[in-house]
Each structure stands twice: as structure tokens, then as C-alpha cells.
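Below are two complexes that have chain A in common, paired first with chain B and then with chain C.
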Partner chain A sequence: MTRPGLPRIDLGQINSVVRLEMKKILFARRGIWIYVLALLPLVLFTAYDFQASREQARRRQIANQSQRPLTYQDLLTVKSGMTNQEVIALLGRPALNFHWREQRAQGPDSFTDVAHERYHYSDGSNDLFVELSDGKVTDANIQTGNSLGEDSIVFASVFQFFYLRLAIFFGCLGIFMNLFRGEILDKSLHFYFLSPIRREALMIGKFLAGLLATCAIFLTSEFLQIAVFLWHFSPTVRDLYLYHNHGLEDSAAYLGVTALACLGYGAFFLVAGMLFRNPILPAAAILIWEAVNPFLPTLLKQFSIIYYLKSLCPVNIPSPPGTPPLLSLLISNSDPVAAPVAILGVFIMATLALYVSSLQVRRMEINYTSE
Partner chain B sequence: MNDQILFENVSKFYGEILGVNRVNLSIPRGITSLVGPNGSGKTTLMNLMTGLIRPTRGRIQVLGCRTDEPEKLFRILGYSTQFDSFPKGLTGYQFIYSYLRVGGRDSQDAEQLAWQAIERVNLAEAATRKIAGYSKGMRQRIRLAQALCHDPRVLVLDEPLNGLDPLARSEMIALFRAAAEQGCHVIISSHILHEVDMISDQVVLLSTGYVVAEGQIQSVRQEILEHPAQILIRCNRPRDLAAKMMESGHTIEVRIHNDERGLLIKTRDADGFYLMLNQMAVNGIDIESVAPADDDVNSVYEYLIGNEEVVR
Partner chain C sequence: MAIYRRSYASYSGALTPAWSRCLVLFRYCRQNLFRSKLQTGFFVLCFFYPLLCLIGVYLAHNLSFLERLGAARNQFAQIDNRFFFAFVNVQGTLAFLLTAFTGPGLISPDIANGSLPLYFCRPFSRAEYVLGKSSVLAILLSYITWIPGLVLFAVQASLAGAGWTWDHLWIAGSLVLSFWIWIAILSLLAMALSAWVKWRVVAGALLLAVLFFGAGFAQAINGVMRTESGHFFNISYLIATIWKTLFRMDVDLPISATEASVALLIYCAVCLLLLLRKVRAYEVVQ
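Presenting the complex of A and B:
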């Protein structure tokens, strides 16, 4: 009764599994927290972007109210000890001028009046606050606006310490661990096990679905984060960064590291979901292993995903002066590997994990009552 | 032996708990019923046969196919399980269609086969509704459609009539019979003995993980020597016949029917008894009918296993 000419191409079967699983993963109600995790840095950068844009608008307004257009070099010319006339001669009348009087005690019954002033200038990007007492400059303080250099370090920190180590890590945990474990708990895995499909093909299909879903979620978020991060800078600064200062390469590296993280962590959590009934234990073990990676000997470091991913991160985060040595070790990448080695490393780790998964999936039995 | 389902010394233990032990079976074409009380090992035997679980010991082959090769096994086998869970969010049609697509069918083929299977189980009207909203009987039918949809040579059906109304039951039984007549191996587990009796070509009786008996029901009955055969005879002079039977020595117990038109005889030598009966007929007793009264599954089950948890 079997029909002749049955298709034997596993790729078609894998494709069917991917389509079914993608739908399940992307629209699962229990996976909403993964979207929240992925979008959290985006919300953070959007809020920062909003605040930075407001600040910039305010500076531009002050610059426009100045008697004449100022440059950053103009702002640097004001020194302590100058008179107010000299300042006004250099920069023109300030756009904002606060003044107040102070009665300063000279003796038990005598006071003198001190006249205070604060001039606020701006070149449109930076603020200059000039403090004057009795018509003489006591302090000239320049507050620089948003600098792409500083902001890129903030971006790199958020990426490495939140996005990579927490958001993608736990996102992959939630998706890949449930590929088999979730269906065992739902008692629906037999749907696949009753199909004429190689168990390995099923495993690959599920893994690819997980990888596509995590990449779609985390790459989209990462792309938007980069876009929002650059949004409040002027087009000139953006162009300079993107096309003349490795900006495009850095953005591509962030996206690449995100995809590799999904691949590496995904493969690990897939096998963990098959080997362990309780996902908390392997998740905690992997999290601790990844966290202590900087303190491990080089040989052991090679058996973790974060070791390779850190080497691929485009911006090194400098340790601020006075950082404790242990924390400093955690921040810096003391033992980086070359990019091709790092990429190969993640692929080898993922392949090993998938090989163990393929052995495990062949041994799996449907025995829901024991779960 | 490529047209049989073979169990060779198969045992399955769940840790220290026995599933089935030392099962040696050879299941031919036709409808074979697995009969036994809860926990006797019926579902374990089916799960072993379909590779959902692996034997602790022994070897299983389904028409020459190993059970650890699902890519080959499920091209010839369809299994309707007792698991009442489905992938979330699917309609009945999508469930069957997806199953066929995962199995490697192209879109057009899968669509056609899915609708054919749905129509075979009379679920066409509800096919575009979500399975989550189905009744128990509808869920049973969609599982049957899944097992049937790729026209398998072996159909394994775990309690397939559960939850079905009488009309649906008879339709499904007709479906199984038709499959068996086309040369399929149909393996059914059931608690309901009168249905098993009605549809089975052979039975496998299970008790506490062991196969107690297997084969055609009449052959199984003949092998149960400790229980005498019971024969119901309708005739015009039951008392005369009873007296002659007792004299002959082939009979150990006789009961006259209340209407004085028949009698129930118990004998340990059924062959000798039938020879004797022919002579009686010649000697003027008018015998209307002779029928074995206990060669059905119900009696065999009761003799071998007892009557625990069985619906008659």
C-alpha cells in the first residue's frame, strides 16, 4: 500500500521542521520574556538618544542666541583671572547670564557685597560655564557634549556585559532548551517521533529553527541598537564614524558576534535540554563557567563560548583607574585570539555540541510519565 | 519472514519496573488484538513495535525493518497512540498536513493525502478548526487519520475506539477490516472484549508483562485443558440426550435449559463428544443446533487472566 517514489530528500524534511518550529518559537506566549530581554538595551539607548537630542537642541539654541557664532577653540580662550570685559570682548555677550549678590562677612560688624555672575556660552555641541566674582573670572568650565568615542565604549559595555552575557545567553536558554524538553513537558514530541524522518534530521531542523529565531530576534534588536546609538549624532559625525573610522566594520562585528553567540549558546543549550530534565542546573553551570572564564588557565578557557566571542568584540573596554585587579581582569580581554581562530573556535564548539545532540536524539524514548 | 512483525525474546524494564518480559511473538497479516488488563504491557508492546521506546533486551523487526530506524519504519507503519496531546495551535487539517510534510511528502501530495485521511475518519467538517477545540472522539479520529494518512502496511492502534460513539465505532471497525482485507497488519489494543471478539483474526493475551497466549481464538481455547469445553445444544428431547451423554463418559456436567428445548454440556474430550453426538442424531433425537459456548475472547480471557478491569 505504500506509494511508490517517496521523496527521500532530508533537506525538504528539515525545511518542514524548521517552518513548524519557527512558528512555535516566535509566537510562543511563554517566550515573551525573551523579546523583553532583547529589546531592553534598545529601550535604554532610545531613552539615552532622546535625552541627548534634547541636550543638543538646548545647546544649539544657546549657540544661536550668542552674539556671534563660536567654535570650540573660542571656548578654550577664557582663562581664570580675566575680567568680564575681556570675556565679552572674546566671546561676545553671553546667551545666558545669571547674576546674584553675596554679603560676605569681613569682621564682627562689617560686610562687603560680592557680585557673582555666570556666563553660559555654547558652540552648539559643547557648553562653557564662566564663573565671575566682582567682575573677574574665577572658573571656566567646559562641558563637552556627546562624544562618539565615549558613547561607543558605553555601547560596547552594554553589549558585552548585558546583551551578550545575559540577554542572548538566557534568550538561547529559553529557546533551545525547550526545543525538545518543552515538547516532552507538553507531551507532544511523539508527533515528530512518529514521522519517517531521521532523528538527526529532526534535531538539525529544530536547531536551525532555534538559530533562525534567535538570530531574527537578537540581530534585529542589535541592528536597531546601532541605529539608535548613532541617531543623535550629526550626519557629518555619523559619516565620519561609519566610513572613515571603522564604524561599519564595528557594526558588522557586533552583528557577527551576536549571530555566533546564538550559534554557540544555542548548540550548548540544545544538548543540555536533551541531557537534563531540570534546565536550571545546566544553565547555572554554563553561566558560572562562562563567568569565571577570565580566571581560568588558557587551556580551559578554550572550552567556553565567551572566550571566543570576547576576542571578536570590536571595542575594548578600558578599566577605569582604581579598578580592583579581579574586576579589571573580568573587563579586559587578557588573552585574545585572532578573529579567524575565534570564529573557528565557536564553530568547533557548536559542532561538538551538535554531535552529542545527534547521539542523544537517537537514544531518546517517549516516556512522558517519567518526566 | 519479511511479512511479519517479530519479537524475539524482548524485555523492557523501566528502571526496576517490568514493562514486558521475554516476549516472543510473530504477528501475521490481519487484525491482531492485544488484550489484557491495565498495566499488562499492551502499550509497552506497541511503543516497542514503533520504536518510541527501545527494548532492554531482545530484537524487534517490523516487516524486516528495524525499529530504531524511524525514517524507514514509519514509511510502512502508522501509529495511533493514546497520547492525547497535539502540537499547539494546529487545526486538524494542519496536523495531518504537517505530519506528511515532515515525512517528506511534497505540498500537493500532502494536501491530497491529508484530505483523504480526514474524509476516511469523517472529520472533514471540523478539519479547519483548531484541535484544541475538538471533543475526545474527534481527537481520537484525527489521531486515526494521522496513522492512516500515508497508507501504511502496518497499523498500530492503541485503544482506537475510546471516546467514539456507536456509529463511529462501527465505521472505524469497518475501516480496520477493510485495511486487513487489503493485506495490512492491524494491531489493536482494547479493553472491550466483545469488540475484540468481533474484529480480531488473532489475539495476544497479556498479563503483568507476559504473553499468556497468542493465536486464533479457537486454537487458544483448545489449548486450555484445565477448563472443560462448554457446548450448547438445542434439541427436542434434552433430558434423553443428557442421560445418554452422561452414560457415554465424555461428559462431566450437563445442565438442562429452562425452556426444556436445550442443554449445556461440559466435556474434556470435545472431539469424542462430537462423534458421539452424531450417533445420537442418528438414533432419533432431533438436534436443531450445536454451538461452542466458550471459545470467545471473553471466556478465554476469563480462564487465563481472570476478569479484572475488563469491559464486556
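Presenting the complex of A and C:
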């Protein structure tokens, strides 16, 4: 049913709006910062990749220089109180050996010479630093190398706390609030309103363009992040993770959550761009609402996007020991919902926001002078 | 009147002294600041916490009266460096929010409407322009930061006596210094964003994003690279480090106050550079 005098919603018209808007979003100079937002985690993981590769090469070199090949179990055998002879008997001559002498005061005028040594062993993946004083072990410190398990938790925390809550959030804020507010500030919205196209169709077209653009930018970035994250591991470890430890499923989940975040936040910011002149207020309000989500009662939790997205995140981030209870609550996902419910939840929230947008766009009046 | 009939003559009236010319900008900008009811309301709201603190100071010195009313002695805060540190934190946050509202509108309209040549065709330098615009924020933020802080300190000093005042005089210095550093950073950041982003509202949102995004990115760097150097990207963390040192808070800090100060100085220099690059008497339009 269409109102008399108004054209039907035409898919061709929506398609035209999408094409026009896509060009504006993707190639505008003022949108460059959104690419920077999306690429920052990628830069971070690339830097980590580079550092981890160098560390691995260094450890392998030390392991090759050792008198005999060592295992992690061998590194664990060194204990405080052992003599240097016992250490060498267990692990062989160290690849790196630093030694120096210290003059330690014994009385007002008397000094004694103390010999210090530092042995550095490696099994190719982990380092062992043995501190010796006067020929006896005073400290044996093992520095474990990068493990996929630990790294996947770091990846999950960067995804949840940085990429999802800040990069995608501010990216969607920039793109979707700009769809109508940007046209008003450019004094060009009347061109659309004067053309024979229903306003709902215009709104849908703009929203779809924003969604396609954000998905293209942020999904590409996420895909590259996953690729870079796995790059420095050996092919065996990579295959084990991808095909036997749910790596592929996790990657698909990250990409899916990214797309859903673009949909949810996009719909919210589209309606916010129509209702508010100043984006600071809705942005701050939504940011705070999403941040305090773990502290809200269950009923209120459902009126946020992050509640559903967190439930879909594949890796649960454990709180480190000694974390304050409030912070632990912020990190934890106390009452997650099932995946189908979470996906449906985001779609319902987005539909609600789009419905409000369609009502708003119908009675929208342009007054450029008040801007 | 037709323009050729008008005989122009140079201005022969009294000139504003050179040293106070920058304050002319403040005078005109101030009129625009309180046109928005929301902004005025928020400005008034910024005085509630100092008022609460003032009541707290008064109550802390009238415990006998309150004990007679049934209140326990330990219910009232001790007035020490922690009390003033909390004051700095709350008012500092409010100062940031006030800057997000007022700061972006300072320079962006001048650039968007191409009115900078009108300023600079007068005996008015770029430095005076920047100083004049920043004085708007500096004076406005002073009303809600170090001025109420010093009033609070004076009230406490008058109630606690000369002994307390002499022992805690450093707190007054810390109050002024903490807030002036924060005001300088906020002013430069807001003006740089205002100069580079022509849309006032977008500049405001960017200011919000710089602080929140910076904090998130810093944590991400710390997490991924297993380091503490990420904090250098977090302006709010850097300023908190300086405040903690100035108020002699007994906490372990991963980066020193000197390192934080140097990082903030670099941020200020970058903002100033960006500002001076954009604030010119002409603009090349491609």
C-alpha cells in the first residue's frame, strides 16, 4: 500500500542512491580517518608479528649455539642453590655467558670480590636466564615465548575492547551520522528531497550504502588482522589451530560479529544523526550505555548492541588474578545468550532503529540557516 | 549613497593597546558562548561539585555539631591531598566536557566562512589571534577549575588554621599547576581540531574520540606488545600521572611524571604546529 500521490518504493531508486552514496563514503577526503581507525589494529599486529619473528629467530640462534639440544623440561631442571658445575652438567655450556666481578663491603675497610655470572639458554621457543653469584645459582628465570593460546586471548581482547567498542563504534558514528547530517551541513539534502523518490527509499538506500561501506572497510581490516596474527606461527601450528582447534570457526565468528556491529551501530547512528544536531551527545550517551552494560539489570542489557555482540565473540577473556571485582565484571560475559538469539537481537534492535528513522525522515524539514 | 561619493579616511580614534588586543576576541567570543541553553546549563552544573566540597569542608570542621545530630565522625572525609586530588579529577573531567562543547566553535566558523583575512588585515598577528581564541577557553575553564579550587583551599585554610595552611601550602601550588597544564592541553587540542575540521559538531565529536580512542589504543598496544609504552598515546593517562605526582599520591606509576610531561609537551607542540599551519591570512583552494 502506498500513500496517494507518492511513488512506490522502487528497488532501482534504492540501488541508485546506494551507488551515489557509496562513492561519497568511500572516496571522500573527510572519510580518510575511518580507514586509519580500521587499519590501526592491523598496524599493531604487523608490528607484533615483526617483533615476534625477530624474537623467534634470536631464540633459535641461541638454541643452535648450545652445546646440546634442549627441551622445555630441561630448562625447568635448574633450581636455586645449584653450583655452576651442576648447571653445566645438566644443560651443557651456555650459548651466552656474561660475567663480572663485584667488590662487596664486608666491614669498614675490608672488601671481598664476588664473581657474578649470567647464563642464557634457549630451547628455540623459550629462554632461561640463570643468575649465579659466587658459583651458585641465585635465580633461574624462564621467559616463555609466544604461544598461540596466549596470543589468541590477546587478539580476542583487542577485538572486544578496541576494535568493536572503539574502532567500529567511531567508524560507524562518522559514516552513519554523516549520511543525513553531512548533507544538511553541505546544504545539499534538498536535491534528494526534490527528486521523485520516497524518503523511506532514500533512507534505506543511504543506510545500505553506509552498511556496505563499513562492512567493506572493517571486514577487510579484520580479515587482514587474522592473517597477520597467524603469520609468524609455523605452518604446522597454523594448520593445527585452523583445522583442529576451531581456528576457522573463530575467524568466521570474528568476521560475523564485525558485520553485525556495523549493522547495529549503523542503525543507531543513522537515527541519532536525524534526531540530534550535535553528535557529541548521542555518541557519549551510547558509548557510556555500552560501557556500563555489564552493570545493568538483564532487562536493560537487552537494549544495547554490545550485549549481543559479546555473546557471539568466540573467545572468553579470563580476568587476570588480582583484577578488581568491578573490572572483572566489565571483562566477563556473565550471562551470554545463545548465538541465534544474539543475532536476532541485533537484527531486532537495528529494525527498531530503522523504523524510528523512517518515521523521522518522513517529517524531516530542512532549515539550513539554523545549522 | 553611491560608493564613489564617499570619502574614505583612515581611522583616527583611540587604538586598543597592543598588549590587550587579543582580549578583544575574548570579549566577542564570550557573547556567543552562552547562547546555547544546554551549554549554559552545563556550565552551571560544573559548580555543583565545588559547592558539595565546600559543604564537606565546612562539615569536617563542625563535627561536634553533627555528632549531636547523630552522625558518626568517620562519615566525613579528611581534608588532605586525596580530597583535593578527587576535586582535580572531577573538575578536570567537567572541563574536558565543557571544552568539547565550546572549543570546536572557536576557529572553525572563521575558517569555514573565510574570515581570517579580515582579522589579519588589521594590526593583529597570528600569535595574538591564537592567544585571543585560547584565552576564551582558558578564562572559561579557569572559572570551574583552579579558581574554585583555590577558594576551597582558602576556606579550608581559614578553618584549619595557620599550621595546616603552612604544611599544605604545596597543595595550592599543585592545584593551580595541575589545572593550568590541563587547560593548556585542552585549549590547544580543541583549537587544532577546530582549525582542521570545518564542521563544528564534527570537531567536537573528534575531541571526544581523541581521548577515548587514545585510551583504547594505548591499552591495545600494551596488551599486544607486552609493554607499558602504550600509555604515551593516552593523553588522559599522561595527565593523571602528572596529577598523581603533583598531589604526592602514594601509587606505583609505570611511567614517570617527567616522561609524561615530555610526551604532553610534544602533543602541545604538534597541536600548535597544526594550528599555525591552518591559521593564515589566505587559503589556497584547489
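As a convention for this text, the second predicted complex is superposed on the first by the 349 of 371 C-alpha atoms of A that agree within 3 Å, B and C clash if a C-alpha of one lies under 4 Å from a C-alpha of the other, contacts with A are read in each partner's own complex, and residues count from 1 in each chain.
The definition used in the following text is that contacts are C-beta pairs under 8 Å (C-beta built on N, C-alpha and C of every residue); 3 or more make two chains touch, one makes a residue touch a chain.
Keep in mind the model is a prediction, meaning the values are calculated, not measured.
Considering only touches as defined above, state whether A:L173 meets chain B (first), chain C (second), both or neither.
second
Using the superposition on chain A described above, determine whether A:S16 touches chain B (first), chain C (second), both, or neither.
It touches chain B, and chain C stays clear.
For chain A, which side has the bigger count of touched residues, chain B or chain C?
Of chain B and chain C, B contacts more residues of chain A.
With both complexes superposed on chain A, which partner does A:N367 reach: first (chain B), second (chain C), both or neither?
After superposition on chain A, A:N367 lies in contact with chain B alone.
For A:Y48, select first, second, both or neither according to whether it touches chain B, chain C, the two together, or no partner.
Second partner only.
After superposition on the shared chain, which partner residues are touched by A:E249: those of chain B (first), chain C (second), both, or neither?
Neither partner.
Where does A:E102 make contact in the superposed view: on chain B (first), on chain C (second), on both, or on neither?
neither
Go through the superposed model and pick first if A:D239 touches only chain B, second if only chain C, both, or neither.
A:D239 sits against neither chain B nor chain C.
Under the contact definition given at the top, report the residues of chain A touching chain B in one complex and chain C in the other.
none
Any idea which chain C residues touch chain A in the complex?
That would be residues 100-101, 199, 201-202, 204-205, 208-209, 212-213, 216-217, 219-221, 223-225 of chain C.
Which stretch or stretches of chain A touch chain B in the complex?
1-3, 6-10, 12-13, 16-17, 20, 23-24, 27, 186-188, 190-199, 201, 362-363, 365-368, 370
What does chain B use to touch chain A in their complex?
14, 47, 50-54, 68, 70-76, 78-79, 81, 83-89, 95, 98-99, 101-106, 146, 150-153, 182-184
Residue numbers of chain A touching chain C in their complex, please.
37, 40-41, 44-45, 47-48, 51, 154, 157-158, 161-162, 165-167, 170, 173-174, 181, 185, 277-280, 283-284, 287
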